[in-house]
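Same chain, two partners: chain A is paired with chain B first, then with chain C.
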Partner chain A sequence: MEIVNITKSYDSSFVKQVEKESGQNMSHCYQCGNCTAGCPYTFVYDQPVNQIMRLVQAGQKETVLKSKSLWLCATCESCTTRCPNNIDVAHIMDVLRHMARREGYAPVPTVKSFWDSFLSSVEKHGRVFEIGLLASYIAKTGRFWTDVDLGPKVLPKGKMHFKPPQIQGKEEVQKIFNRFKEESRK
Partner chain B sequence: MSDSLNYAYYPGCSGTGTSIEYDMSTRAICAKLGITLNEIPDWSCCGSTPAHTVDHTLSSALSARNLALVEKMNLSTAITPCPSCLTNLKTATHRMGKDEFRDDVNKLLDTPYNGGVDTKSVLQIIVEDMGLDALKSKVVKPLKGLKVAAYYGCIMNRPPEVMNFDDPEHPMAMDNILTALGATVLPFPLKVECCGASFGIPRKDIVMSLSGKLLDAAQDIGATALVTACPLCQMNLDLRQDQINSANGAKHNIPVFYYTQLIGLALGLDEKELGIDKLCVSPRKVINDIGAEDAS
Partner chain C sequence: MKIGVFVCHCGTNIEGTVDTAAVAAASREFPGVVFATDTMYACSEPGQDGIIEAIKEHKLDGVVVASCTPRMHEPTFRRTLERAGLNRYLFEMANIREHVSWIGKDREANTNKSADLVRMAAAKLLKNRPLFSKQFPVNKSVMVVGGGVAGIQAALDCANGGLKVVLVEKDTTIGGKMAKLDKTFPTVDCSSCVLGPLMVDVAQHPNINLHAYSEIEEVNGYVGNFEIKVKKKASYVDWDACTGCGLCVEKCPSRKATDFFNEKLATTKAINIPFPQAIPKKAKIDPDFCMKIQKDKCGVCAKVCPSEAIDFTQKDEFITENVGAVVAATGFDLFDWTVYGQYGGGKYPDVITSLQYERMLSASGPSEGHIKRPSDGKEPKNVVFIQCVGSRDKSVGRPYCSGFCCMYTAKQTILTKDHIPDSQSHVFYMDIRSPGKLYDEFTRRAMEEYGANYIRGRVSMIYPKGDNLVVRGADTLMGAQVEIDADLVVLAVGAEASVGATDLAKKLRISYDAYGFFMEGHPKLKPVETNTAGVYLAGACQGPKDIPASVAQGSAAASKVLGLFSQDMLASDPQVSVVDIKRCIGCGKCIQTCPFGAIKEIDFRGMKKADVIETICQGCGICTSTCPQGAVQLQHFTDNQILAEVNAICRF
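And then the complex of A and B:
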């Protein structure tokens, strides 16, 4: 078991930042464990969600932000729906992901690559181009065998387009991304 | 038929591709039921899960561009079949209720969104605006003998204060629709358990485990088909069913319909129009057995 000396490592600015970005009061969590009891993803997490909540309360910034759990949460909203103190736990998980990204943590690279490929596709075309997304993901990760078995199932059904979508507002969507990047640099 | 069943329609990206049969069947049944769908001209992606994992302002801006387009259409309500699109559209509206957040989002947009659009699922307007009695009166081919498990997925109803529809733990909208169509709806304990969502590509093992549980549970209760309302759930359970069988040593052969396809069949619409042939696990036997004498 890992022992943490909270007196030495408590980072109060981290707790305040999480509260500010999520709009949630971390001290409302009394560790009942209901979030973890309902979380379908605990079996792949390195820290169960209630422990993430506790680690945030204890100001353990690095331990939280390097956690794989942040990248394996699907925002299924079980935790938020079932929290007896009405804490929007899924919102906190989302905000922690944002912070982890900003600090350069990506402990589950395939998930980050997939999300990044998805957003690049939206930025480029205004809508998701599914085959292009898969190609970009494979290029980023080198995982050439990804879902090759599904090709023969899905392609004959005419469900995948080989040409990217064309929308007139493509540039308007690109501007959303550009302005977002500008604002983030401020 | 009421003139009020008139909506802006947001198909969502998957509706043009991997869930094309959801979009096809939605359009077909709405035409038959007298529900007018006005596709939002030049709609763009809502950003789905990846956008909100990066930043909430960006995510809401991607949704709000579409809501601003709806404002120009002079329609009060936008509907979408896809729960993921719906969550993003609703969350954007919800969060933009706060002035500071709304200003931040509008800074990213060419056309600001002022918050005048209500968003709902197609499922919600069928149940609430049209009503089950009206639906039932149009059934020409009852789904007699079809034993189904209705699977809602995780975000159609949750979190309740944002989605504001049906019960967050034990939703009944699809159950009630399917019962109205004459199907036998079995009590399905995993109605709102997550299927593994968009981890199919980056972490297939997760989907194998979570969707595997759903298929096991459907089989255990004796369902001959699963019924979904979400493109991602449907894809994980249908397209990936062989992968799940290989990974888990199972032998499932359970067709996974969109609820709109079953409404269409009960309304007597052509299978082609409902994209029945787009499903991966063949529903042939299950459809042929509908209304058969020996079906119990």
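And then the complex of A and C:
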């Protein structure tokens, strides 16, 4: 492992940005590890969540934003529930995901592709159109056989439709997306 | 009045950001000021001598010192004035350190503000009048509330110092939490072997009058002359007759009574003596489980008692004790850990508290010193200890460190290995706090000699698997989740203020913090005093602390009481309220608002009037701001004195 030069690599604006966007105070974390203890996805993480918290405290922007853990987090909020210092850890993970995306980091491209497909489907139809999402995801990733075994189980239950859903308030959902785009341009 | 002003440099503390010479120069223009100078350290001996010289040379009859907070040096300078032959109340202090130099950087602004503060002090001083203390006699006996180790120590020290001591204990025996412990850290010596002799000393000491199974009902009076009503709770046994033979306990057929002494690990008889070394060794009936009291059947205890001590009709009894001082030593209680769902919230019998574990380890405990799982009585091989349960946890409103859990957990891992040599202890910890003599060495011994496996991280989940419990936690140093198959889980439950502590604080008129721990007079310099004269603190009622610290505080409180009682007469503080009988309309509002019960109604030529009991009044001033007539005035803080300060600051 290489030596981390704190003087050179500590990025105070990164810490401030995370605190501003999440509304959390990073200094409240005393590294008890309760978030990691309860996290159901630690087994696939490259950095356990308490180390993500530590890296943010230490202003290690690149290491954090490169982390795969951000993209594998399921936002189950076990970390938030267990935190003895009332830190909304899941929210911080969410903020970091957004920052990583803005800065062009996507160390788990399939997850990013899934999100992109999901959100564009919601934007277009007002809610998710599963088959459309599937097609878009496969087109982006080339993973034809992903979850194909679930098809026979889901289809008879009427959970998948071949035509896009028609819902009320489609335009309102569209407006949410427009507003988001407008505000993120500012 | 000829006022002298002394502006202190306090080294660079004040001079660094305040031009003290300029403040002194400005002061010379204030009404009444005839002399002003700056001085390096006003509180030092040359500084004080300078003040005395100036008083004599310039015939001063009032002094203003502009320096630090009056809480620091007001008594110092008042003594200086007395040495120069002036009344101690012809003195005012302007706080230009905490209120000016330490909080602002702008030298010019600081200098101006300092001058304003001196102007206010001088304006008030012009209205000051000499005040004189009164003398009143002292009742040289002390009440110690709480018979844990701190209270025992305080009681014995006072009694050995020749004072009459009344020791009040809410349980049927003294000993407190320490009596429940098996061994003590860092020496691993037997707790009851250390405490037992002290308990016997209490019982045998001619100067100690012990009221066990009693509580404080009401407190009246003031330092030197408290009158305290004590409730002696009904034990249904005549303790004068009871010899503690235990025959009644043996024959009692009701076996389901809650065993509080054994932390509910077992049940006990409806009539019981908590443990063999109990002091006083007297039986008590738990009425909830007594068949005679509940259903009017049985009565076996009364039949077998050789001294006919059983009295099913006994009622609570109230007695009054007159003492001159009170030591509160009410200790602590354990945090209710069942709020933690992740530890099972009380669902799993094999998740126990550290104090339950102590009872299990103790030879006088329900399992006679054998570690047995509550669920099936098997001997555990893998024991998991979880630290900081209800400590350092903001989410449950307990952000403080309980201080002793790290140490007793280390002790319990050592005892576990002693009891079961092929066992393995695992300790989930956040930080190890062992800042005492031989303490850190002790925790290292637990790891190095006794092989305790310390895991830095917390536990997020305990769930049953077969006969065992799976403990899922994190090892933050390894950066991984870990799981342990545990036979027994021991929670290092933190300390909180004892049940009823705040009620007692209200009766004693002492303050308590946000968690119910009693407030000391000063965090560093008055650790056993309270802000109520004559009331002292000892032990964990002031904040979580271990046995050595509790004992030290017990002795410290005793030395304070002995010091107080070294005088035959006490001087009252003249800074109390007085009623101007001409203005008082007898509305009684002051009586209602006085938090100390220091104002009483008197009959003055057929008219209702208020009257302040000087010895009880603490000088808080609530009555003066309540009185619609301005008839109650707090001496040394009269309306005129305060308005003089206001006028001095609001000149334009």
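Odds and ends about this structure:
One rule holds for everything that comes next: the second predicted complex is superposed on the first by the 182 of 186 C-alpha atoms of A that agree within 3 Å, B and C clash if a C-alpha of one lies under 4 Å from a C-alpha of the other, contacts with A are read in each partner's own complex, and residues count from 1 in each chain.
Everything that follows uses one rule, which is that a residue touches a chain if its C-beta (ideal position, glycine included) is under 8 Å from a C-beta of that chain, and two chains touch if they have at least 3 such contacts.
All values reported here derive from a predicted model rather than from experimental measurement.
In this overlay on chain A, chain B fits alongside chain C without clashing. Chain A has more of its residues touched by B than by the other of chain B and chain C. Superposing both complexes on chain A places the Cα centres of chain B and chain C at an angle of 80° as seen from the Cα centre of chain A, in steps of 10.
Of the two partner chains placed around the shared chain by superposition, chain B is the only one that A:Leu134 touches, whereas chain C remains out of contact.
After overlaying the two complexes on the shared chain, residue contacts for A:Val108 are found with chain B alone; chain C is out of touch. Contacts of A:Phe43 after superposition: both chain B and chain C are touched. Shared-chain residue A:Lys20: touches no atom of chain B or chain C.
Contact with chain B, but none with chain C, is seen for A:Glu183 once the two complexes are overlaid on the shared chain. Judged by the touch definition given at the top, the superposed model places A:Ser78 against both chain B and chain C.
Taken over all C-alpha pairs, chain B and chain C come no nearer than 5 Å in the superposed arrangement.
Shared contact residues of chain A, touching chain B in one structure and chain C in the other: 43, 78.
On the side of chain C, the complex with chain A involves touching residues 342, 388, 392-396, 430, 456-461, 472-476, 479-481.
Residue ranges on chain A touching chain B, taken from their complex, read 40-41, 43-44, 72, 74-78, 80-81, 88, 90, 94, 97-98, 101, 108, 110-111, 113-116, 118-119, 122, 126-128, 130, 134, 137, 146-147, 149-150, 153-154, 157-161, 165, 167-170, 172-173, 175-177, 179-180, 183-184. Residue ranges on chain B touching chain A, taken from their complex, read 13-14, 16-21, 42-45, 47-58, 61-62, 65, 104, 107-110, 154-155, 158-160, 168-169, 192-194, 196-206, 209-210, 239-240, 242-243, 277-278, 280.
On chain A, the positions that touch chain C within their shared complex are 30-39, 42-43, 47-48, 50-51, 78, 82-86.
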